[in-house]
Every structure is written in C-alpha cells, then in structure tokens.
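Next come two complexes, and both contain chain A; in the first it sits with chain B, in the second with chain C.
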Partner chain A sequence: MPLLRPLLAVVMILLAASPVAAQDRPRVVAVNYALQYFAERLVGDTAEVIFPVPQDVDPSFWRPSIADISTIQSADLILLNGAGFATWVDRVSLPRAKVANTTAAIEDRFIRTESITHSHGDGDEHSHEGLASYTWLDPMLAIAQAEAIASAITARGIAPEDEVANRLAALRTDLEGLDTQATRAFAGMQDIAMIATHPRYQYLARRYDLSLTSLEWEAGAMPTDAERAELVALVAQTGAQVLIWEAEPPADAFAIAANLGLANIVFPTLAHGVEEGDYMQAVAAALTAMSDASPQ
Partner chain B sequence: MNALYLAFAYLRYHWGRSLVLTLVAALIMFVPIATQILLSTSERALVARGDATPLLLGSRGSQLDLTMAALYFSDERPDPVTMREVEAVWDSGLAVPIPVHSAFSSAGFRIVGTTLDYFDFRGLNVSDGRGLSILGDAVIGADVAQALGKGVGDSLVSSPENLFDLDGVYPLEMPIVGVLAPTNSPDDQAIFVDIKTAWVIQGIGHGHEDVVTAAEVAAGTAALSNAAVVQYQRITDANIETFHFHGSQEGFPTSAVIVVPNDVRSGTILKGRYLDSENPAQLIEPAGVIQSLVDRIFRIKSLLDAVTLIIAIAALAAIGLAVFLSYRLRAREIATAVKLGARRGMVLRLLSAETITLLSLSALIAATGAAIVSRNAEAWVGYLLALGS
Partner chain C sequence: MDRTVIRAIALASICAVAPMGAAAHQLTVFATTDCEMVTVEAKFSNGNPVMLADVRVLDGNNTLLLTLPINEDGTVAVPLDSVDHSGGLVIEVDTGSHENYWIVTPDDIARSCQS
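Right after this comes the complex of A and B.
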C-alpha cells in the first residue's frame, strides 16, 4: 500500500509526458502513402510521418487548404514524389531547405506520356510533356526513392544515421523480395494483353514487360454504360484476358468483366493507404492474385 | 560650497548670458558626438547587410550591381542565372542556396521572388496576416505598407518591365496576405512573393483556359491550339489549377542566389568551384564588396572630422573669449570682492565654479541629445538609407 502512491505518481507523470514527447518529435510530410510507408520504416519512432491527404481525395490532384499548407510548411522534412505527382506543389510555397524530391536521381528513368501543344497570343508554340507518376510501382524505383528518403532524413538529422542505414537495408531487402515475387507472378504473362482501369501502372508494366492498355475509370466505382462499351471494344481490340482494378469495385462490376472473359485483379496503386495491412502486404496480396490468374 | 552657491546665484542672475553660453557649449559637444554616432551606425548598417549574407552567386559581371540587386533590391539588373545553379549548390550538400528574383516592381517597390528559406535566413516575421502560401500571394515590407497605405486584403499589380514591353510581361494582380514587422533594412521596402509567382509575372508560368479535354489527354492525343488561348492575369481559387510552367524548372531564371554554407570549409570549397573565369557564374563575398564601397564613401568622413575639429576649436576659442571678456567686464566687481577681504584664491574658486557649472550643464544637455540620437540612430539611418535606394 505505501508503494502504491509513488507508483501511481510515476505512471501519471509518464502519461502526462507522452503527448509532449510526441509533439517534440520531428515531423515528416509525405505526398503519398508509398512515401509515408517508406519514411515510417526508415525513421521508426524517432519522427512522426504525416500523409495529409483525406482518404476520399486523389493525392495526385489534392488541393491543400491554407491550414494544410501551414502544417506542411512547418514540417521538418517534406517528401515529394516528383515525376509530376501531386501538381499542387507547383502552386504552393514550400521551404526549399525542407523539401526532398525522391525521384531527382532517377529522372532519366521517367516514362513520358502525352504531349499537348499550344501558344498564347502571338507567342511561340510550346508543349506540355506528361509524365507517368506512379514510380514506386516499380520496386527498383521504389528502392531508389527509399534511398533518397534515407539521405534526406540523415542530412537533416531527423534520425541517427546508423539506425536509418540498418532500416534502409531491411526495406531494400523487402522491396527486392517483392520484385522477385512480381517477376515470378508475371512470368509467362508478357504475351497476355491486360487492361487497367486507370493509367497508373506504366512503371509496373515496363519493369515486367507487360502489355497493358489503360482506361480512365474512377477508382472503386461501378462503370457506366459508356465505360462498359469502351471496355467491350478494348477487349475486342486487344484480346485482353486480365483487368486490373485500382480499387475494389462493386461485385456487379467484377461480374461484367468476368462475363467478358477477363480475370479481375485488384492491384492498389498505394498512393493512398490500404484499409488492411500495409504497403508490403497489399502488393504481395495483389501479386498472389496475379499469380493465381496467370495461365500455368 | 559657498563658491558653488555664489556661482550658481551669479549665473541665475545673468540667466540670458548663461543660457546662451550653455547652449553654445552644448552644441559644440553634441555635434561631433552625434555625427560620429550616425556615421558609425550608417557604416554598421551598410556593412551588416553584407556581413549577414555569407556568399552571393550570380552571373559574372559587376559584383557591385549583383550585390546591390540581391541585398538592397536596387534598380541594377544583373544578368540572371538559371535555377540549375541553385540545384548545383543543393546537390553539393555544402550550402543552402536561396534564390532572389528582383527583376520586377509594383508601385515603385521591388517585387522579390524567393523561397520561404529567405524569411528564416533574414529572421523576418509577419506582423499582420500570414506568410506566403499559394501562387500569387504577396507579403509586403513595413515601409511598403505604410507608403502605399495597403494591408492584408488589398492587392498589388506588377508593373510592366518597360513601357514598350507590351507583349512580354503581363501585369499580375497579387493579393496581399501579410505585412512584415519592420527591420530597418531593405526588406522593409520590398514586396515578397514566391519565386514561382515571379516566373508567372515573367510569363514562364501562366494559367489559361483548357485547350484539351481530359479524355483527349487520356487518349494521348496531341492537341494544337494558338492565338485564341486567353491568359489569366489574376490567380483565383477558380483558375489556380490552370496555372502551370513550361519547361524544366532548372532553366528558369533568378537575379541572384544567396548561398549560406554549412561551415567555413564548405564555403571555401564552393568558392574554389567558381574561380574559373570561363564559368558564366561567379560566387562573391558581398561583405567585401560592401566594405570597399563603404570605405570609398566614408573617405569623406575624415574630411568631415577635420571640419568638425576646426569648428570645435573656433567655437571653443569663441567661448574662451566670451568668458575672458566677461571676466574683464567684471574687473571692478572682482576688485570690490578683493577689497572686502576675498583672497585671490577665493576669487579664482568663484570664477572656476561658474565655468564648471556652465560646462557641466552643457555636457548634460549634450549627453542627453547624444543618448536620444544613439537610441534612434538605427531607425533614422534606416530611413535615410531607404531614401537613397
């Protein structure tokens, strides 16, 4: 009984101190879930990693409020994906000293997409070059991005260098494991035409030499009549056997694709977090589903 | 004690003459002291800006023009360098580069396009409103706010680069989102925007009506449009999504780059990289440039010192003469005092007490004036320097 009071006091002090400690931790902001996951793996508990985009908003086209911008500006490190991902960064003032572009070292491996040409007034014509943005879907590029994050973390003293190096080695091993699994899953699928519901998988397709055509469907939504007609036409044109969904749609949508002879695969792009599990588990599950759909 | 009492009574009786002598002596003491305070404060203020800016990167050319444009936002227009130079410094890991784009103006004040790092570097705080957040935002210096009578919620319009450049640079309307606390530095005289906003003013970035549909983009169709595409001249919630930049940001211009090395060694390594005269960029120490300019300006200080000394000697001689003549006028009074039994020493003490009281009062007035000047020197010098910019 005499020991109870001091023990309670110690517990109370610890409970009171824990929120303060959380506030004192350095803060890292990431523009997508993939970067958030990599950063969390690399900093452990030494920093708080924030992904500020609401669940129902596409991170590529998110428009931060002034309050969001203030939160981002006050972070110790701001992780950008580059490759044209998150266009809001071009319209927001960010402290350059805190910004790290995780694809700066791999720009030569970007995939160029559409090109739009126009001019203003009597000015010269100029072009807007598009870039495929979902770089992390290629595990090798994901490793390069994780390395860039590790450098940024240690350069800013957010976490001890040796700890970050150890965690990076573990993360690299995991991503290489995913690459091995993906290589096996896609083995023999190079000649099989696939359709993706959204043009997000360019880097995945290039890494594993897939024949992929993309639609412009809304993630997780029931396709409209026009979209169904578009799918039918595309299947007829390409002879596709696999339909890759960005997010799980209503069951009826799966049935529509199945009726066309398509194997339904949900392969989350991981720009947003997944409801269950984490990055590694989500990709591993998608690859397992792909293996199951693969003709043996 | 008696001598002091009698001296003070005498001075009070002849208050007019005493007042004139006290004020003249006070002025003689005050003027050189105040001049020295103001000159040394000016020198310090001029050199401080240079000392607070470790290195400056810019296009090879006049170091003075580069320094004046980047540190004092003067009208000098050094050739721009590209953001590639900024990235090169970043990549070196030796320093933090802060671009300064000062090519444009609004209502007679320079528009300074930079990154948020500039505000941390100079220790600038927002006294009203908020800092830069989105494209088009402007934060104004304290003097700009006062001179234009503008504040948060008002807007500014960038001026065309020159009268005949009707096609080149579109005026951009920028909302004022914050006013900086005064710093008695050129920052009080500047309009700060994100460097991306400066590029929009320059026409490198712009917003306009859609020229293609989302479906066309998805299909990878190359679209072509011209002439009729209308550019926006105000960034609003409705059109901000249409603003974009052409080309790689590495090719975009900046007037200069403030380079803050991690340490002395990093600074030395960086300086070594820009020694090659073939390199179109130069890395300079603005403190040295400003110091040589100040030295040149302050050569006049020695002349001023000599003039002050001559005037002081003349004035002291005049006071001496006035005191001497007053003693002569008081010869009969002194003789009467001697006849009444006052010794020569007593008479001397009496006269000394009068002189010391008079000079003490003068010194007190001069010291008070000097203290006032010293306390306000920075503000006054800041104002005077701003008049010249």
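Right after this comes the complex of A and C.
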C-alpha cells in the first residue's frame, strides 16, 4: 500500500518525540521553587527541572526519603541555594561534579543572624551564627543566582550555550523589571514600620531599605491568641502600618490585623510555587499590592 | 516613631528569630561506608564529639533495624551484614536534646564496594 510507509514514518516520529524523548532529557534538581523557575527559563524544553519537596512541607526543613535522595543523586545537575537553605543537603552524599551552589559568588552579601543562646551539657553558654536564606527575594541576588545556574547548565552541556545566553538575557531583563517595580512600590515607605509574619524577608528589606520586624507565625494559618497578643505588642512598640503575610491566611486573620490599623499584604516567598501564575507574576502582584497600600 | 528606634527593633527581631541554616542543626552527623560497615560520626557544632547518644539505624521504609550507643569519641560502626541495607539506611543520632540524621542510599553503598 503506497500510503503505509509515510503513515508509519509519521507514527514513528510522533512516538520518538513524546514520552521517550521526555525520559531521555537531562534532569535538573532544584532545592526551591525560585531556582526551579530560573532553571526552567534557562533550559527551555531541553531538560526536566524537578523540585522534589511536597507542597505542604517547608523546603528549608524538608527531610527527604532514601528514594528521594537516590533520585536526586542520579540527576544531571543539583542546584543548591546556599546560605544555609535546605538543611537536608548537609545530611546526604551529593556527587560534587553535579552540584552547583548558586550563591557561591555572592557569599560576601549574605546576611548573618544569631540564634538563641544555649549550652551543651556542662559546656559554656553560647549561640550559633546563622544565615538568612531567602536570597532570591533581592532581585539583584536572584540575577546572580540565575547567572550561576546558566553557567552550571552550559558547563555540563545540558543546553546549548547560545540558547542559554539568550534566555539568561531575557530572565535578567525580567528580574531587573521586578527590581524597578519594587523600587517604585517601596518608594517613600522607608520610614514606615512593617511587620512580617515570618522572618523570610531580610534580603528584600535590605535591598529596599525597609524597616521590617518579624514574627514566627505559621504560613497561611490563623494566629493563636498568644500570637495576636504578640502582634498587638509589636504594633504598639514599632508603630507598624503594614503586615506582610507569607501566605494568605483565613479572612478573620486579615480582619484582626486591619483592626489594628495594619495594611495586609500577601508576599509569597517563592520557596514553593504559587497556585496561580509563576514567579514573576507572584512577585509583581505582591508589589502591586504594596504600591496600593503605600500612603503616596 | 523614630526611624533609628524602628531599625533597632527590626534588627533585634531578625537576630532573635531568623531561620538559620547553621543554627537549625547544632548536632552534626556524618556517615561513611566502606562496603563492610557504616561509620557514623557525631559532633556538636562547637567541634566537641557527642559522648552520649542513641544511634538508630532505619531502613528505606523508616523501620527501625538497630539501636546502638555511641562511643565516647562520638563514633559508632554499623556492620553492613548486621542490617538489611538493600533499600539504603537512615542513621539517626539522638542525644536527648539534639537530633540529626544522615541518609545512606543503595548507590552510596554500591559505590563504596566498587572503590
């Protein structure tokens, strides 16, 4: 039959182009959604980018299973955030040749923190220095991390260098756009005290010179009575006018803050993905809400 | 409120409660395997070895296989032939006040047997 051969050829091409090709693509693992998003922008369709942490688990403190680590070890590239993000990376063997620390070049810009003082057995009391981890919330640091990812991708031949360079230029432009939007959104807000429901925004606050005090509330949860009392005290202490939520809480929680004279802003940290839209859209929406709350 | 005061409060708040990579695990656990045994080492972040702790060995399904006391030098050896390690092992060290873990995958063990 004269049509049989062309038909067979079409079927073979279709089979080759879909699932099999997907399995053959290089695999990149990222320790948070921000890095996953940057990597996906940079590789296009040439690689699969995996962020393995379940949606209901904080990626900073995720405890992977052995199967998770086996999957990660077999990836072609493992993107770490550095700055102490993702404690599990210090509890497993990761193949050095596959690991890229995306903040290795910007360690001099880390924000150092200090934990609560305690002692071990008979030892003297002491405290542990730590690092603020959510580096990408400063768009300039996010650009540096995207550049590190691009270098890691091309160094391992995961995607063609010229394509990655073009995509990096586009990503850099988008992140610079976010920085411009943020500069405008926070203009004139440097003297307005703000409170964050979780200490995630140190790099954002430094970039835009914000006066930000942090609570330790669970993301998206209704604050307890004790937490409400803490908020009342902090508002009295700081004169705060803005409350930044890591995730949208129940409506009653918004009402509690509003009754204290606080403008409620949901600013996702992007350690996890958002339900609607992507990284750029989520940050842009948060900045628009911030602009709307601005007294200007 | 004075801007300097606001900043001082904000800074104090950040220092007191910020999430910290290093501070989140004041007990460091490390394990290596040489094909015959898994050697576990546990230290506090000040460098002192852990002298008193339970070392729990779990399989890939988080089933407890073995519990051993740690030696005074902060190490303990787990013979691989004493446990079913086909699905990998999770090593947990628990001092009572501090706890941490190390994951050994089947690939880690297989690689150690090739070298």
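One rule holds in what follows: the second predicted complex is superposed on the first by the 268 of 296 C-alpha atoms of A that agree within 3 Å, B and C clash if a C-alpha of one lies under 4 Å from a C-alpha of the other, contacts with A are read in each partner's own complex, and residues count from 1 in each chain.
As a convention for this text, a residue touches a chain if its C-beta (ideal position, glycine included) is under 8 Å from a C-beta of that chain, and two chains touch if they have at least 3 such contacts.
Since we're looking at a predicted model, the values are computed, not measured.
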So, A:Ala155: does it touch chain B (first), chain C (second), both, or neither?
first
Looking at the overlay, what does A:Leu94 touch: chain B (first), chain C (second), both, or neither?
first
By the touch definition at the top of the document, which applies to A:Thr224: first (chain B), second (chain C), both, or neither?
neither
Check whether A:Gly130 is in contact with chain B, with chain C, with both or with neither, and answer first, second, both or neither.
both
Tell me the contact category for A:Leu212 with respect to chain B and chain C: first, second, both or neither.
second
In the overlay, answer first, second, both or neither for which of chain B and chain C A:Thr288 touches.
neither
Let me test your reading of the model: by the given contact rule, A:Thr183 touches which partner, first (chain B), second (chain C), both or neither?
neither
Once chain A of both complexes is superposed, is A:Asn166 in touch with chain B (first), chain C (second), both, or neither?
neither
With both structures superposed, pick whichever of chain B and chain C touches the larger number of chain A residues.
C
Share the list of chain A residues that count as touching for chain B in one structure and for chain C in the other.
63, 66, 69-70, 73, 87, 90-93, 113-116, 120, 123, 126, 128, 130, 199, 214, 216
Touching residues of chain C toward chain A in the complex: what are they?
1, 3, 6-7, 9-10, 13-26, 28-29, 44-46, 48, 60, 62, 87-90, 97-98, 100-108
Looking at the complex, which residues from chain B come into contact with chain A?
90, 93, 96, 98, 115-117, 120, 130-135, 137, 167, 194, 196, 203, 206, 208, 211-212, 214-215, 217-218, 220-227, 229, 231, 240-241, 243-247
Chain C partner, complex, touching residues on chain A are 60-61, 63-67, 69-70, 73-74, 83-85, 87, 90-93, 111, 113-116, 120, 123, 126-133, 190-191, 193, 198-200, 202, 205, 211-216, 237-239
Of all residues in chain A, which touch chain B in the complex?
63, 66, 69-70, 73, 87, 90-97, 113-123, 125-126, 128, 130, 155, 199, 214, 216
